[in-house]
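One chain, chain A, appears in both complexes that follow, with chain B as partner in the first and chain C in the second.
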Partner chain A sequence: KERTDIKLKMPPAVYERVVVKNSPVYQYMKVSLVLEKAQTKLTAVEFKHLITTGLKSLYGEVGAAFPFDLLTFEEDTLTAVLRIYSRGLVRLWSSLTLLGFFQQQRCAFRVLQVSRTSSYTL
Partner chain B sequence: MSLFMDLNLPFTADKKRLKTLLETAAHLGFSTVAINYVHKAQSKGKQEIPKPTPLDQLVDELPIVQGRSRPIKILNRLTILVTDTNHYRTNAAEYKAYDILAVHPTTEKLFHAACMTFDVDIICITITERLPFFFKRAPINAARERGVMFEVCYAAAIRDSTMRRYTLTNGLALVERNNGKNVIISSGTDKALELRGPYDVANLAQLFGMSEAEAKDGVSSNCRSVLLHAETRKTASGIIYTVKTPKDTEPKETDTDTISMVTDEPPSAKKRKTSAETDTDTVSMVTDEPPSAKKQKTSAS
Partner chain C sequence: MFLDDLMRELHVQLQHAGHTCLKILFKMFKQLEKTPRTVLACERSHLDHEKARLGTHVEQHFFNHKVSLLVPGCDRLPAELDSALNSMRSFLLVKNLPLSQLLDKEFLEKAVYKGSTYGLSYQTRIDEDNCFALLPNGKLVLSVDKDTYETLGLEGKPSQYQRRPAGRYVVSVDLKDRTMSPGGKGHQRVLKALTEHNPLSCDLLLSQHLPGDESPALQSLLSNHKLSEHRPRVSTHVMTSLPCPTLVTSDLQGEQQSCDPQSFLEWLGAVDAGVTFEEESGGYLSTYECPQPQTVLDSAVRCSVTGLLLPEDIYHLLDVLRRSVLEPKLAPWLALTVHGFQDSPVSWGTAEHGFLSGGENFYTLVLFQNLDYWICMATGSHDACPP
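Our next item is the complex of A and B:
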């Protein structure tokens, strides 16, 4: 009897199941930038420019022209949410992986999350 | 769920650097890493193969792997840079100190020999310069049948754009020949900022022309089969192995170990041990024989 009581008291489940039937238009990535000198500050524009430079060095002009968006950017943690067309995910991700330098100092992109729905990455 | 591994972290004597490297690897989600000792074989003179530094001297505390709440597993790996066929010696005693054995062939002839005959676990692919030869299907298929993996390192691709081109070219050439089946991707860097997470590496491997599943295998299950292959190299087909037990120090403990290995009835063996000590002595003599016999052989030859 006690056990059923406990069950009743439990709050309703908070998770939500999302089924995407067609291949999604966008993919969302949550990335953070790790720099050698932790004090370095970046603006959102510089951050996006860095990513575009990475795309250009790996894929050339066509790669750099592929549209992607910087949805959010936190300057103190250097964490951002990117939105990219699904077809361009592999290209964007690989260029982030191979990006090793920012203004002559070492850097690394840590991909924290990749999702096809924005509500979970944000 | 598969475990992620990075089987190439070059050895550095700098303990602090190695510590940050291991911590980063654990944080990124690699549950097994191998510390790589490179041996450049030379034709002239006596060659000293480096001995692996014991792990307890390298790290004080093993970092916890993110998401698994378990300490990281560290292995030792030897890579021999061969420039001549006799640089690789079959069954050399020095190789036994290492968990994984790899060769880095520099010519086509050596690559062929490494794929066909060398008893190794990994064959490294040159990534810092143009391939000195073309990959041929016959040796690559033979290597696949023997369970030998090919390794591509990605760290050089992060460092420099020319190296990046060579890494991609050679990786593409390799995957073109073996259809991405037995390839492992590892870092090969001693800097923490050049390490990448397992999913990043899997995504990067797709640039070599591997499919998503093959790319993920390249950082997980193929690495696991390298470890299993390494086990079989140490033992007789992974079934039986012999351990040389020290005779003088703590004879009782070692004796019980050897007995349980030899006979299938540990309780009865224990009984015997309590009844008479002479019995245990004879048993330990028998089990001690194979290693010593091997030793004599090697010294004679």
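Our next item is the complex of A and C:
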């Protein structure tokens, strides 16, 4: 009789563990743009266009032909969260590094954090 | 005739060269598509299951920087949960603390042997600077560059992630070991290394958990150093009409009707980053959508706490969550994400941690109303597989 009692008390759930390697299809980047003239304002559309231009100038039409998303954009700090296919991460990152001009003024991208989710600690 | 042959030969050669060129280009693009290794370990069980290792995972993740909680189905946090989040203990920031201070007899007796003390060097980068950590089990971990290692004269191991050529070494000293008691052989050797050979110092974040109601003695122990006390920062947001993926407890791999853990983590991240799910510019800016199948929540609260957060406090939070999830008014689950410090020398337990591209080490707990849970532990490329 005792045994059945114990069985009834046992929770129905099981223990299951799954380990996945290299699973993320997307990678998320938090980047900020530093401009020579700090008072310059940019809209989200201009910001995304700037990055696309950078990609095309480094990799050409075909090399740059992969989509990326601008998830958030703060106009005050020019900080954005980008979502990119994992296989495009290196290409996007390198083109951000080499992007040096926005409308004839010098600029630089700072990569603040790279992660598998856009939940940032910074 | 001769010219014709020559032309044909040239044509073949050119074709061949073009082919090789294309091959090289193709290979280059393939190389560019490689991304650093990542690991995601997911577990599903019940809080009372004999094999449930939730407590161990929480306890072993020593250095937590940010806790974010998502409570669907309410527009205000339940009072008990709110107080648990606001009562996370404060921590100290000690400026320019010589590491030899950690070997002081009084410090050892009041901080290391008694209760658990957590210490982590502040604003040091794990891939460039010397980083230090004092673990609650009494281990002092020094992750130092090659030059520092050679001047220290302590025994260590080359870092797993900078091996050839070894540019970084990890020295682990067990302060609770018998030889490390004040005056002991090991103690003298380490003290000599940290005072004479290379007097290392750093800004250190410190916090202590003592059993019972005893108040921590750290402040009085380090009173002759410049120190400041900080409270964890709490921020709360209420969201309305939030699209939310459907989770099925038994479907951890997302094979049936549930959202798979990776997509769910991405959605949680998007909620945490404040992503709006309505596209305004006709799909030019973003094509991100909430994973299917989805429902729309009338309201949800997300709350995040940042600071040096102790596993003991998170464990207490888990207890409160366990009680809160049973409230019938709330949605069928709660999600808690705990981020580790990116530049900590260890991630889980004493497993070495590195940075490479992100240095991420975090876990997300999804607690369901029937007390089943999912825990997803993620690490980056310079990290061991989560326990």
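Rule of thumb we're sticking to: the second predicted complex is superposed on the first by the 98 of 122 C-alpha atoms of A that agree within 3 Å, B and C clash if a C-alpha of one lies under 4 Å from a C-alpha of the other, contacts with A are read in each partner's own complex, and residues count from 1 in each chain.
One rule holds for everything that comes next: contacts are C-beta pairs under 8 Å (C-beta built on N, C-alpha and C of every residue); 3 or more make two chains touch, one makes a residue touch a chain.
Predicted, not measured: the structure shown is a model, and the values here were computed from it.
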Chain B versus chain C as contact partner of A:Tyr28, first or second or both or neither: second
Partner chain in contact with A:Ala108 - chain B first, chain C second, else both or neither: first
Partner chain in contact with A:Glu36 - chain B first, chain C second, else both or neither: first
Partner chain(s) touched by A:Arg116 [first = chain B, second = chain C, both, neither]: second
Which superposed partner A:Val90 touches (first chain B, second chain C, both, neither): both
Chain B or chain C, by number of chain A residues touched: C
Partner chain in contact with A:Val14 - chain B first, chain C second, else both or neither: second
Overlap of the chain B and chain C footprints on chain A, listed as residue numbers: 90, 114
Complex interface listing, chain B residues touching chain A: 28, 157-159, 161, 164, 191, 193-197, 199-201, 203-204, 206-207
Chain B partner contacts - residues on chain A that touch it in the complex: 34, 36, 57-58, 90, 93-94, 96-100, 106-108, 110-111, 114
Residue numbers on chain C that touch chain A, as the complex places them: 29, 32-35, 37-46, 48-49, 51-52, 65-66, 68, 249, 252-253, 262, 265-266, 268-270, 272-275, 281, 284-288, 306, 337, 339, 342, 357-358, 360, 362, 370-372, 378, 385
Chain C partner contacts - residues on chain A that touch it in the complex: 11-28, 44-45, 48, 63, 67, 69-73, 81, 83, 86-91, 113-121
